[in-house]
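What follows is a set of structures for review.
Next come two complexes built around chain A: one with chain B, the other with chain C.
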Partner chain A sequence: MKLGWIIRGVLLGALAVAVFGPLVNMLLWAVAERWYFPAKLPIEYGFSYWERVFRPRGNAMESLFNSVVIAGGTVALCLAVALPAGYALARLRLPLRSLILLAFLLPQAVPNLAVYINVARIFYSLGLNGTIAGVVLVHTVHGLLFAVWITTAAFAAVDRELEQAARNMGAGPLRTFFTVTLPLAAPGILASAIFVFLESLDEFTGTYFVGVPDVMTLPLLLYNASAGGNYQIASITALILLIPSIGFMLFVERFLRADVLAKMGG
Partner chain B sequence: MAGGPASVEFRAVVKRYGAVTAVDGVSFTIEPGTLATLLGPSGCGKTTTLRLIAGLELATEGQILIGGRDVTRRAAAERDVSMVFQSYALFPHMTVLENAAYGPIVDGTPRKEAHAMARAKLELVGLSGFEARMPSELSGGQQQRVAVARALVLEPQVLLFDEPLSNLDAKLRRRVREDIRELQRRLNLTVVYVTHDQQEALAVSDRVIVMSNARIAQAGSPRDLYERPANRFVADFIGDANVVAAELIEVSGDRAKVVLGGIALELERRGARPGPVTVAIRPEALLLSADRPAAPAAPGRIGKAAYLGTHMEYTVTSALGELFVIDRMPSRAFAAGAEVWISLPGTGVAIVPE
Partner chain C sequence: MSEPAAASRAPARDAGGAGTGLLLLAPALLMVTALFLYPLGYSLTGAFRGVDGAWTLANFTKSFELYSRDIGFTVAIIGLSTLLIAFFSIAIGGYLTLGENRTAVVILRWLYRWPLFIPFIVAGQLMRAFLARNGMLNNTLMAMGVLDPADAPSLLDWRGIVIAFVWKQTPFVALLVAGAMATLDRSTIEAARNLGAGRLRILIEIVVPQVRQTLVVGLVLSFVTMMSVLSVPLMINAQSPTMITVDMAFRINAYGDYGVANALGFLSCALTGAVAWIYLRHGIRERGRQ
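Our next item is the complex of A and B:
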C-alpha cells in the first residue's frame, strides 16, 4: 500500500519533470544574464536580452513581424480554399469524397525535404524564392490539410434540418449559409484558422528552403540563435512562440464541441 | 404573401431517389382551411409527401398546386408554406425572439416590425416573457411552441407539421394535439399533419390520407376510414380490425347477406359479388358471453387475456379464426382457456372491397 503510493509519486514526479523540465529550463534561460557550465542555476538574472529582442529595429522584431504577416496570409489563403471545399465535401454528394480528403494528406506523406528542395527550385525560376508570398504558398500547402479536414467536420456537424428550416422561412441559399450554416460552423472554422496560424508560426523546413536568407521568421531566428549558442535569445523567441499555442489549447478546450471533433476527417 | 388559407393539390406526383420510389403516383386535394393528416407506418412516404409540399424535395413527376397555382418547380423559399419540423429545427445560436422573427427579417421587414410580429405570435402560443431565452433553455414543449410561432409569423397559406407529438411525453400529447386543432380552427389555416398514430389522426383531422408503400391506401373522413375501410391494410392499420373470410350468399340492392362462422349478417354491399368475401370486424364489435345467447353465436376459447383498466383485451380462437377482442366491461373478465360464445350485434362490421 505504502510502496504503491511511493511508486505513484515517483512516476508522477518523473512525468512532471519530463513535461515541465524543459519549460523551466527555457524560462530560466530567458531571464539569465550569465549562466556558465558548473553553475546549477543562472549566476545573474536580468532582462537585457529581452531589451535586445524587442529593440524596434532588431532582428527579432522583424522576424516576429514577418512571422505574423506570413501566418495571417496563410490563414486567409487556407480559408479561401477550405471554406468552399469544406462545405462541398460536407454537404454535396461528391464522388470520391474520401479520395479528395486523402489528397490533402499527400504533402505530409512525402518526405518534406524532397518536396521543399524541388519547390525551392521551381519558386526560384518563378521569382518567388525569398519572398513572403512564396513562404505563404509553402505554408498554405501544409496548412490546407488541417483547414480542409476541420472545416469539413465543422460543416458536417451543422444539422441539415436547420438549413431546411431557413429555406422554408424564405431564405435563399446564400442567406441560409451566412445566417445559419456559417455561424454554427464558426467555432470549428475558427479552430482550423488558429491551427493553421500556429502551424505557420512554427514552420521551419519550408521557410528555410524558400525564404532564407531574405525572409527571416521566428523559428529561423530561434535556430540561428541556438546554433550560435545564444540560448537567451533562443529561449525568449521560444516563449513568444509558446504563447499563441497555449491560447489555442484553452480555446479548443472551452469552445469546440465534441461532435465537431468526432466528425474530424470523416 | 397572399392572405388566407390555400388548397393543396397533388396530381399523380412521383418522387424517386435513384431506384427507390418514395412517393408513387399520389393524387389528392386538401380543401382550404381544413386539417388533413398523412397517416401511415414508417417508410410509407408520408414525410416525403409533406416535404414535397414544402419544396424541400422536388417531385420527379406530376404536379403540385398550392392555392391553385402550380408550384411544382418552385424552391422551398418561394413557397408560401411553413413547416414545423419533427426536431423543431430551432436555430441554436439565436434567441427565441430572433428565431420567431427570422422569416420576416429574411423577407426584408424592418427589424423593429419583424420583432413586433414575432412577439405577437409568441404571445399567441403562450410564450410571452421567453423572448430573450436561448432554445436550449426551454423544455421540449416550449421549443415546439417557438417552432410553431416561427412558422406562423409569415401567416403562411399552408402550415405543415411533421410528427409534432413524437418528442413529447404522453401526458402532453393530448393537449398539444388539441392546441394544434384549436389554432387551426381559430386562425382558419390549411394544415397538413404527418403522423403514424391512427388515434392521433382520427382525433384531429377533417380528412385522413392513409398511405402504404408510397401510395394512398384510402382518403376520407375519420368516420369513413374507421367504419368503411377500403382495403385490408386500412382495416388493420386503423383500429386493429380482425380481417376474416366470409361467404356472400345473397344480394338485394346495396345490401348483402353474409355468413361468417355460422353467423348470418346483413351488411352494406360495397360492390361485392356473391361468393367468398373479406370482412373487417372491429375488436369492440365482438360480444363475448359465458352462456349461449339468444342471437346467433359461434363458440370460441380465450387464448390471451390482458387487463388494461378501462377494458379487457383478449385473443379468442374460434371458427372465424384467431380474433382480437376488446371488452369494455373489465369487471366481467374471462380467464385464459375459458370457453365463450361470440356474437356480432352488426355494427363495426364491414365488407372490405379490396
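Our next item is the complex of A and C:
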C-alpha cells in the first residue's frame, strides 16, 4: 500500500511538473523586471512591462483590439454560413452527406501552410492582403470544421417530436424553427462559437502570411517579442492568450453536452 | 448575414428536397472551395511549374538538394512525437479506465488536460523559456544537485520541438482515447480480471485493441497538425536542420520562391495524404457501422 502511493506520487508529481513547470516559468517571466544568468529566480519583480503592454495606443492594445475584432468577425461569418449548412445536414435528406461533412474537415486535415502561402498570393492580387477582412476570411475557413460539425450535431440532437408538437399546435415552420429548434440547439451553437473564437484568437500561420505587414494580432506580437528576446512582453501576451483557452478547457463539458458530442461527425 | 435566408428556407424540412439542402449548404461549400480547395490546387500544381509557367520537376530537384536533411528531420521529429503521444495517451487513458485508486484517478483526470486548448504559439514560447540552457528545467535540476552546471544542456533543438509537440498534443489524443475506453463493455475486462490477468496485460490485450480506431484517428489528426505548425519550430529551433515548415516560410519571405515552397508543401501533403487515407478509411467504416 505504502509502496503503491510512492510510485503513484512520483508519477503524478512528474506529470504535474511537466504540465505546470513551463506555465510557472512563464508566470515568473511575466512579473520579472530583471532576470538573467545565472540567477535561478528573477532578480527583481515588478509590473513595468505590464504598463508597457497595457499602455493605451501601445502595440499590444492595438494587437488585442485587432485580435478581438478578427475573432468576432470570424464567429459571425462562420455562424452565418454554418447555421444553414448544419440545419441542412442534420434535418434534410442529402446525397453524399458524409462526403460533405468530410469536405469541411479538409482545411484541418491537410497541412495548411502551403495553402496559406497561395491564399496570400491570391489575396495580394485582390488587395485583400494586410487587411482585417482578408484575415477573417482565412480564419473562417479554418473554423468551419467546428462550426459545421458542432451545429450539425446540435441540430441533430434536438428531439423531432418537440418540433412536430409545435407544428401540430399550429405553429408555422418558421416559428417552429425560431421558438423550438434554435433555442434547443443554442448550447451547442454557443460551444461552436467559442471554439471558432478561440481558434481565431490563437491562429498564427494564416495571419503571418495574409496579415503582414499591417495586421498585427496577439500571436504575431508574441512571436515578435520572443524573437526580439523580450521574454517579459512575450510572457504577458502568452498569458492574455492563455486565460480564455484554460477557461474553456475547464468548462468545456458544460457547453458540449454528451448527447451533442455523441452525434459529432455522424 | 445569410441568417434571414436560413429562416425563410427552414420550412423546406417538410419538403425535404435535396435541392433546398444544397442551397442551404452552398455558402459554406463555396467558402471551402474558393478559400481552400482552389489555393490548394494552385499550390499542388505550382509545385510542378517553373518561374516561366512551364511544367518541370526542377522545384523538386532543388528542394531535395537544399532540404533533404530537413525533410528527413521533419519526418523523424513528427514520427517520434506521434509514438510518444500514443504511448502517453494509452498510459493516461488506461489508468483512468483501469486505475483502482479513486484519488489518483481524480488527480490524473484533473491534471492531464491543462495543455488541451493552449495555442501552439504559446506552447512554443513556454518551452523556449523552460528548456533553455538557463531555463527553469536546468535550474531546478541543478538546485536538486542532479545536474552539474558545466554540462547543462540547451534542449532547444529537435528535442525541444518533440517536447513541445508531445506536451501540447497528448491531452487531445488522451481525451479521445479515454472517452472511447470509458464506453467499453466492462464485462470482458472483469472476466479477464477474474481469470487473474494483470492490469497491464488487460490494457494491452483487451482495452487497446478495442479503442484502436479512436487512437488512430487522434494520432492522424495530431500528425497533420504537427505537419502544419510553423510557430513551434520557428520559436524553438529555426536553425538548420529544422522542419520544412520553416523552410517554406523562408523561401517565401527571403526569395519569393513559390516553386520550392510549393514543392515542399506538396511533399508534406503527400506524407499526410498517406496517413490521412488511413483516417478516411476508418471514418467511413465507422459511419457505415452506425
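What we mean here is this: the second predicted complex is superposed on the first by the 262 of 266 C-alpha atoms of A that agree within 3 Å, B and C clash if a C-alpha of one lies under 4 Å from a C-alpha of the other, contacts with A are read in each partner's own complex, and residues count from 1 in each chain.
Convention: a residue touches a chain if its C-beta (ideal position, glycine included) is under 8 Å from a C-beta of that chain, and two chains touch if they have at least 3 such contacts.
Computed from a prediction, not measured in an experiment: that's the story for all the values here.
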item: Overlay on chain A: chain C relative to chain B, clash or fit; value: fit
item: First (chain B), second (chain C), both or neither touched by A:Leu184; value: first
item: Partner chain(s) touched by A:Ala114 [first = chain B, second = chain C, both, neither]; value: second
item: First (chain B), second (chain C), both or neither touched by A:Leu83; value: second
item: Touching partner for A:Ala154 - first (chain B), second (chain C), both, neither; value: neither
item: First (chain B), second (chain C), both or neither touched by A:Leu12; value: second
item: Broader residue contact with chain A after superposition on the shared chain, chain B or chain C; value: C
item: First (chain B), second (chain C), both or neither touched by A:Val136; value: neither
item: Touched partner set for A:Gln164, first chain B, second chain C, both or neither; value: first
item: First, second, both or neither for A:Ile100, with chain B first and chain C second; value: second
item: Chain B versus chain C as contact partner of A:Gly172, first or second or both or neither; value: both
item: Chain B and chain C, minimum CA distance [Å, superposed model]; value: 9
item: Intersection of the chain A residues that touch chain B with those that touch chain C; value: 172
item: Residue ranges of chain B in contact with chain A within the complex; value: 54-56, 75-78, 81-83, 85, 87, 89-93, 102-103, 106-107, 150, 154
item: In the complex with chain C, residue positions of chain A that touch it; value: 4, 8, 12, 15-16, 18-26, 28-29, 36-38, 40, 76-77, 79-85, 87-89, 91-95, 98, 100, 102-104, 106-119, 121-122, 137-138, 140-141, 144, 148, 172-174, 176-178, 181, 198, 201-202, 204-205, 208-209, 219, 222-223, 226-227, 231, 234-235, 238, 241-242, 245-246, 248-249, 265-266
item: Of all residues in chain A, those that touch chain B in their complex; value: 159, 161-162, 164-172, 175, 179-180, 183-184
item: Chain A contact footprint on chain C (complex, rising order); value: 1-3, 5-14, 16-18, 20-22, 24-25, 27-29, 31-32, 35-40, 42-43, 46, 101, 104, 107-108, 111-130, 133-137, 139-140, 142-143, 149, 167, 221, 224-225, 227-231, 234-235, 245, 248-249, 252, 258, 261-262, 264-266, 268-269, 272, 276, 279-280, 283-284, 287, 290
